[in-house]
Amino acid sequence: MQLGLVGLGKMGFNMRERLRRAGHDVVGYDRAAEVRDVASLEELVDQLEAPRLVWVMVPAGDPTRETVERLGELLDEGDLVIEGGNSRFSDDQRNAEILAERGVRYVDCGVSGGVWGLEEGYGLMAGGAAEDVERAMPVFDALRPEGPREEGFAHAGGVGAGHYAKMVHNGIEYGLMQAYAEGFELLAAAPQVENVPEVLRAWTRGTVVRSWLLDLMVQALERDPQLENLRGYVEDSGEGRWTIEEAINNSVPAPVMSAALFARFASRQDDSPAMRAVAALRQQFGGHAVHH
Amino acid sequence: MQLGLVGLGKMGFNMRERLRRAGHDVVGYDRAAEVRDVASLEELVDQLEAPRLVWVMVPAGDPTRETVERLGELLDEGDLVIEGGNSRFSDDQRNAEILAERGVRYVDCGVSGGVWGLEEGYGLMAGGAAEDVERAMPVFDALRPEGPREEGFAHAGGVGAGHYAKMVHNGIEYGLMQAYAEGFELLAAAPQVENVPEVLRAWTRGTVVRSWLLDLMVQALERDPQLENLRGYVEDSGEGRWTIEEAINNSVPAPVMSAALFARFASRQDDSPAMRAVAALRQQFGGHAVHH
Amino acid sequence: MQLGLVGLGKMGFNMRERLRRAGHDVVGYDRAAEVRDVASLEELVDQLEAPRLVWVMVPAGDPTRETVERLGELLDEGDLVIEGGNSRFSDDQRNAEILAERGVRYVDCGVSGGVWGLEEGYGLMAGGAAEDVERAMPVFDALRPEGPREEGFAHAGGVGAGHYAKMVHNGIEYGLMQAYAEGFELLAAAPQVENVPEVLRAWTRGTVVRSWLLDLMVQALERDPQLENLRGYVEDSGEGRWTIEEAINNSVPAPVMSAALFARFASRQDDSPAMRAVAALRQQFGGHAVHH
Amino acid sequence: MQLGLVGLGKMGFNMRERLRRAGHDVVGYDRAAEVRDVASLEELVDQLEAPRLVWVMVPAGDPTRETVERLGELLDEGDLVIEGGNSRFSDDQRNAEILAERGVRYVDCGVSGGVWGLEEGYGLMAGGAAEDVERAMPVFDALRPEGPREEGFAHAGGVGAGHYAKMVHNGIEYGLMQAYAEGFELLAAAPQVENVPEVLRAWTRGTVVRSWLLDLMVQALERDPQLENLRGYVEDSGEGRWTIEEAINNSVPAPVMSAALFARFASRQDDSPAMRAVAALRQQFGGHAVHH
């Protein structure tokens, strides 16, 4: 089928390619002239036959909101917008309202898979009305991995449910990564184990901890067995924070997911103010030496 | 090749079967008469041709130590014992010494895979001298999953390294399980998501969090979509505790693995003494109501 | 000086008494007829001479907002409202704006001390313009403990800073309580220590952990040495949640304060959905028994 | 009364002074010639009249064990050794056995108070037989703070209970310090609060979080309001580690005490291997930039 795709960055660029391989007719727009098919959103909308389907894949926050607002002005009743970026679920309701004023439908979709999605397909979680989700199914089917639809796609609930499910997915992801990371550090620190990369590789089949993340870890260690060529400085992109806030809103204990988030915060500090306070206290009561 | 297998419980029974399917000649002994091939350790040793290989798969702690001691009395110089149970790595050095007095060789081997190992193979991590590990390779090859040897087997280091690697594997496993569990609880608690089992199923291909544990979670939810037919009471079998103790010994921060362990402890308490203390304090300073 | 006090609950009632003991002329209003001095907010405002000072001490959220709005209608330019309840700091800016439309000034004030404040005084943290804070100083001086002003009162910053400081105070409080509680549980669990209440009492002078909370703990154990007469069920009143959300907003690692919050959430669960998920996983991969 | 004191370091030196001020006759020995009263343990034992009381205050581990062994050789039946250092509780049983071979009695005593103990007294927790503890009471009374005995001294149980109680005391101390430290960091990070040291000072009377540690924090901030003159590098001296190990041994959840310990470990890492692993994973799956 025909669709518009707004945003051709790291994710959107690959998604256009995967959609085209599946036979879809994709009209792509981006601010970057070298990757886009059309020079403006207006042109994109003009090239699509009504009822249109436009997939939005731009950075979360203001860029997404502005794109939705602009599409609200350009699209017609019965058109459908799918927001596939990393929006916070709480933005979706307002997005839907903005578009509803013009009779434009809205579906949010959490997309997982990163740079591997082009070849392996993307895990998809959609939120919105059943008929809207159904209408976009050929697009979802092209993007998701081979195999049974339900193993790579879910209709999670109403508007916002797709991004909510993706947010929790990322919260879990933080926890999984931190678990492997702590295990790696312990193996590397313990004198008992001589071949850390080989041990992790031996876990990739047959063990309880085998996973795609473990496979990636093995690949990373293959190139750099002690991970010496990078620093332990880890960004976070929002979903982990939102997950903890939602855990708090729902009174759900989240010790592991929050520990993983806080470890990232700490990784970005040259010197911890909290630990300066602890050092100062120890000096006060015990005369313990401090480091300057 | 020919080998003895001591311990035919949940793990050992299946391992004998997998070894036999691979063409090995296994003489199995267990205290339970209905599963064993021979009636005593003496008989087991008698039936094996020297140099013998005996795999021990009995409960960790005293049963393993007693088996090793008894084998030390029965075996001859040049024989090889492989300890494949859930021993603490710190037991291995002593086991090796006991056997070395009689010239018997020792390899420890961490085994992962649970009840699925019979069909899918077991992840193996061995510790010991290179020549001893090499000698047992046909056995390791039969037990490990299909595919490249290094993806299901590692020689982790000297005596004890196999169990050490398996211990860390289990510490990671605790963290992974808790991460999925927290995410599951949040999805179930949040009103936004309507189809929790479907969301988890949609993660099994294409997403960053796909893993074997996730597949198992999906299977569990298939039978019992809200996990209503069991209680949130979780045992632990030692490795998680040892992992945290080793993290402490090596000054390795382990917030996620420890949070997962403590969540298990808490799951087994009907009423938390610590939280009684917090409730008592709140009553003292704020006149806050307490529950009786 | 003369002031109005809106809200005569557990906190406000005692504060009126402490203010009167200090010689202030307090006109108190509450919805509950049996404690109030005047029958309506209108009457309260009428009885005060301009420029008026009105202290608001009603539940956070809607009750506080409605009281502020109503006071905005009743008060005159140059009057001053002090919001001393448990409002979230983010409410203060809006409160100040509502009142500013009528030329009414606004100060927020975090108040700590609980039921002991009547006799021992309240710790106070104020936010607002310097001249407004200065004007209310006789009231602050009456409410705060004896001793140097700076040991019981701080002007923390602009509007909202008082409640922000109080929020962090409560986040710390959560952490302190949980630390004592974990220590108590460990002492009670360990066979080595026979006299747990006596050990805690022996910490009240001379040790590094001595504190007012410890004194309260000792008092609680005096009445109920094993805390058998209450349940480990602990509410939370919002500030702990907000503290973690602010830690996240400011990328501040907060492992201790968050662990204390999550322990409260867990204390209120009869059965943990997360731990049901862990139990289900263990059953799936290891055939481990589950509890029903 | 007369007693010997072995070890005149930071703690022992001050304790000798406090004991002398109370009228006790203290014979002090240390390896450092400039502080000691006698030149050898032999001389110390010679100068004491039987039945002797010798307080040991040397570093935990080998120095303490060696001192106990040497005293076992020098002392006579009926003499009493008090081990007041930072020994692990599990060392006490063996110490007692070594001395019991010669009929020498043994009491262990946890001592809290740091450099302030000279003036304010030391919190004391003793373990041993009732008659031995009773015999040393004049010494305990001199060392503990003024006031009721039970507020600065406890007989916690049998041999080892004193050090056990002190260990838990320190575990709590870790948690308390970390709670204040996290609150300090959040206050310092938040733009809303302008006067962080003043806010902490205002908590020292009247609030729920008032404590001796808070007083020390205020003093530290007085000299260095942003704690700029030290680094966030924090050592640990063993008790925190042992506390977590005991929590694990007793299946006691200890999320706060362990988080405080792990924060110290992390504070000493220039670059976290675990966070390098997380960064490597993010690069693998998402093409996220890493820092070099």
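We call the chains A, B, C and D, going by the order they appear; numbering starts again at 1 in every chain.
Keep this in mind: a residue touches a chain if its C-beta (ideal position, glycine included) is under 8 Å from a C-beta of that chain, and two chains touch if they have at least 3 such contacts.
Remember, it's a predicted structure, so these values are computed and weren't measured experimentally.
Fewest steps needed to get from subunit A to subunit C, stepping only to touching chains, is 1. At the interface between subunit C and subunit D, two copies of one sequence, more than half of the residue numbers in use appear on both sides, so the contact is built from largely the same positions. Using mean Cα coordinates as chain centres, the one most removed from subunit D is A. Looking at B-D and A-B, the interface holding more C-beta pairs in contact is that of A-B. Superposition of subunit A on subunit D using C-alpha atoms only gives a rotation of 180 degrees, nearest 5.
With centres defined as mean CA coordinates, subunit D is found 47 Å away from subunit A.
Centroids of subunit A and subunit B (each the mean of its C-alpha atoms) stand 33 Å apart. Remark: subunit B and subunit D have CA centroids separated by 38 Å (rounded to whole angstrom). For subunit D, the set of residues touching two or more other chains reads 114, 178, 180, 182, 185, 189, 208, 212-213, 251-255, 259, 262-263, 266, 269, 272, 274, 285.
Subunit C meets subunit A in the complex at residues 208, 241, 244-245, 248, 251-255, 258-259, 261-263, 265-266, 268-269, 272, 274, 285. Subunit D meets subunit A in the complex at residues 10, 114-116, 177-178, 180-182, 184-185, 188-189, 212-213, 216-217, 219-221, 224, 227, 229-235, 255, 259, 263-264, 266-267, 269, 271-288, 290-292. Only residues 89, 112-114, 117, 120-125, 127, 144-147, 150-158, 160-161, 164-165, 168-176, 178-180, 182-183, 185-187, 189-190, 192-195, 198-199, 201-214, 243, 246-247, 250-257, 259-260, 262-263 of subunit A touch subunit B when the two sit together in their complex.
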